[in-house]
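Look at the two complexes coming up: chain A is in both, with chain B in one and chain C in the other.
Our next item is the complex of A and B:
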């Protein structure tokens, strides 16, 4: 067989999934969001649905909430994950069980984490019961609303608990791979502990930590299950609004829902591009996967 | 190998001057206690969610303000596995879809991963990026677009339609994962086997497959898990007709039955824990 034909055949199924299902679906979504939606008799191409999103107060509030939550959750997870990786470095090398324990939350699906978090931080949850036992509150109503609250605290808690171990694992993988030769060398040259951290260790792990943080931001920006269970209807995160409008009995809302999904896809697409650029900078074999 | 215990030159000098020999011992202690504190927190955060879900699933009438359940009950577990609850069929549906997605993902991934790892061609970088996109970005928009097509060709509300949509994140992930395995594979072994007269099938069975088997197992398990944990795409494409485990889980959570929700969460996370326990060691070795 001609090598070129052979190569084409080898790549054909993957190209069908990417080009057909993924890109094709994305293209059809774009077409629908631009107003070609035969079920409601729309067959023209117009930016009207995007324009309506821009003047939509719910969209603005949702975009602000989504962006803020994704940023704060990513910042906290990245800082805590980096610190955890640095603190656990020696322990993970000597006792692999701690490496395993650090990886364990990665295996917990987001839905299961959301359920566990609700049971812990809800007004009648475990923390509220501990507060009652300590005499801090008298009844569930005294406990601050952390689930379905205005600021999405519950969503934040669930994501930080899920994503901190993810960033820690990605960072720790690099720390364990590079060993401590670089730091020992800096030490021999008279670098202080802080200088070693600032000028040797951090630059070495930064690509891994930052690229993991990009993945986390992109994931939270478009994720649905956690905000669906832990958030309130208004303001809701973008994907929750997209789902609600898409499932609405009023078919006229559908193109707007698709426009919302296209916006989410565009934002996450840019982030994945940034990740891909960054990931090339370090030769790590780590592949991110989030459930 | 000498460990970092915080004794650099200046500290040694200070110690000499102050005549206090335990400064470095104390700094060693603080480093050790810091890592053990971090280790303890890690252990608690890893085990607590599953332990709590387990407790909730067997508690009966665990009302405010009881810190621990007073009575126990197997009601939730009995309900989960009772034929009339329909949860068993959702479980079978989830497993069936995920298995089909796994097989199809591997069929897509095996040739593509080999091409990506062992051949040079134009557009390779673009293809790698295109494979990475659906792995990280949510499949919301593409699922909506595909849904429009499905409505026309009768794939909406069918198992086949759901399987195809789950392939969008699962197949690219399996491809990227396997490309890593093929990148470490030396094709000279295949050439040697061929020289010795092995048929293509024999080469694949006794040379290629054993070499990539660990990566293949990981790719298969993650393809399974990606499909297993899909919620929104199943809701869109399944249209309420295809009911998988996460859909039942969310319905019970919204319905407010904590015991059944906890039991379902445990059933839902069981395969991920099994996969994790099997592949964690392998992934560590790879790093």
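Our next item is the complex of A and C:
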């Protein structure tokens, strides 16, 4: 059998699943978002649902919140993860068990983290009760609203707690792989501790940290369960609005909900493209040029 | 350009002692090779000279200045490692400029010195290349330029060519020697290869198990090794004889023809194990009565009778007095 044909046949089952479920689903969503939705009798294509989204105040507020929360959570997680990796490097080199310990939070589902955050920082949570017991607040309900709050602080806390170990693990793996010879070499060339961090260590781990941060941003941008549990109804994150409208008894809201999901997918798609581009540039030892 | 002295240096990794009472002086502008088997402590000595490790005992001097506790970044000893360690996110020019950049040398001077250093290593015009575009030999030449451009007091080379193939290594050795002599830089070169050490160095320091075995000119290791271990490391053959061990260079062995025999020459009766006539030389494997085996090359003029060398035959070998060393 011709090698190409053989390869195609071997890949066919996997390609069928990915093509059918993922690409098919995405295609169907695109078609629906453009107005083709037979259950409500709409069979023509129109950009009207996108236009309505753009003029919708809730969408604008939600997009701003989603973007801001994803950016801030990514920035904090990346900084904290990088610092944690640098701090734990020596320990992890001598005692590999620390590397394993750091990986454990990765196995925790986001849903569990959301519940944990409620248990700790909600007005009925552990901290509020401790503050009450210590006489800092009159009653637990006086505790500032950190869950279902206007700024999405609960969501932010859950994501930072969940994503910091992820970025730390990715960065630490690179730090352990490159070893300390680059820094020793820089020392003999006259680089001080600060110069080694600035000109050697950070540029060497940047590909891993930046790639991990992009993945985190894309994930938070589209994720649903944490903002669903820890957010407030208005403004809600994009995924929550999409779900609410999709589940609405009014079928006419369905195409708009799907259009929202397509927007999320498009943003994620751009990030995946940027990620691939970054990874390729770093692998070739080039300065990444993104745009 | 600095003379360097190590005085009674010892070092430990945890409980293990890796260097034991090393005293060594390297003269200004000298190229000293540190030689020894893997794990003998050569690289540890180099890192102590660089300031990357602090010895547990002993002192390091540059000229007469005590530098034991001077950090690597202030010591002025540039080190070239086994791996090229070029920063992948910098161009070749930026890599070479690294040390000057760290010392905040002015931009124009940096550019001029980088250009000059790249000319030294025959890579003029490579400034804007990426490290990923270089061959293994070119990478090591860039690291050499990166070290030399900082005008170090001491240049330290840690098996820098071990990843290159032999034809490249010979060229790199010549380049290092030529630059080291032209710039007069005091240099310490670590290698586990005695031939490489002899080819490049003014003097060789032989290290075994963290101790200095012998420090001498390369020739001395081939004519007068101080110890049996030094002799063996430099290719001498040692055979147990009455009154200790006798060492000799395999190329000095003669077939005994009973004439011109000096009474102090050593003779051995051996059995031929195998024999090859290569035309210009005879390749012989023999077994001594002690059971030890030895490979020899003999000049064909030493015997006309090839049958006398057939496997199983017994012959008598002689080691001239001038070519032997006795060790207790």
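We take it that the second predicted complex is superposed on the first by the 280 of 291 C-alpha atoms of A that agree within 3 Å, B and C clash if a C-alpha of one lies under 4 Å from a C-alpha of the other, contacts with A are read in each partner's own complex, and residues count from 1 in each chain.
The definition used in the following text is that a residue touches a chain if its C-beta (ideal position, glycine included) is under 8 Å from a C-beta of that chain, and two chains touch if they have at least 3 such contacts.
Please read all numbers here as calculations on a predicted model, not as lab measurements.
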item	value
Partner chain(s) touched by A:218 [first = chain B, second = chain C, both, neither]	first
Which superposed partner A:182 touches (first chain B, second chain C, both, neither)	second
Partner chain(s) touched by A:108 [first = chain B, second = chain C, both, neither]	first
Chain B versus chain C as contact partner of A:200, first or second or both or neither	second
When both partners are placed on the shared chain, which of chain B and chain C touches more of chain A	B
Partner chain(s) touched by A:142 [first = chain B, second = chain C, both, neither]	neither
Touched partner set for A:273, first chain B, second chain C, both or neither	first
Contacts of A:192 with chain B and chain C, given as first, second, both or neither	both
Doubly contacted residues of chain A, that is, touched by chain B and again by chain C	184, 187, 190, 192, 285-287
Complex contacts: residues of chain A adjacent to chain B	7, 9-11, 13-18, 21-32, 83-84, 87-91, 95-96, 98-116, 118-120, 124, 126, 128-130, 132-133, 139-140, 161, 165, 173, 176-177, 180, 183-184, 187, 190, 192-193, 215, 218-219, 222-225, 228-229, 239, 242-243, 246-247, 257-258, 261-262, 264-265, 268-269, 271-273, 275-276, 285-291
Interface residues, chain A side, partner chain C - complex	181-182, 184-192, 195, 199-200, 203-204, 206, 284-287
Contact footprint of chain A on chain B as seen in their complex	1-4, 6, 8-10, 31, 34-39, 41-43, 45-50, 52-53, 56, 63-67, 107-109, 111-112, 114-115, 119, 121, 127-146, 148-149, 164-165, 167-168, 171-173, 175-177, 180, 222, 225-226, 229, 231-232, 235-236, 246, 249-250, 253-254, 258, 261-262, 265-266, 268-269, 272-273, 275-276, 280, 283-284, 286-287
Contact footprint of chain A on chain C as seen in their complex	47, 50-52, 71-79, 81, 83, 85, 87-89, 98-99, 101-103, 130-132, 146-147, 150, 156
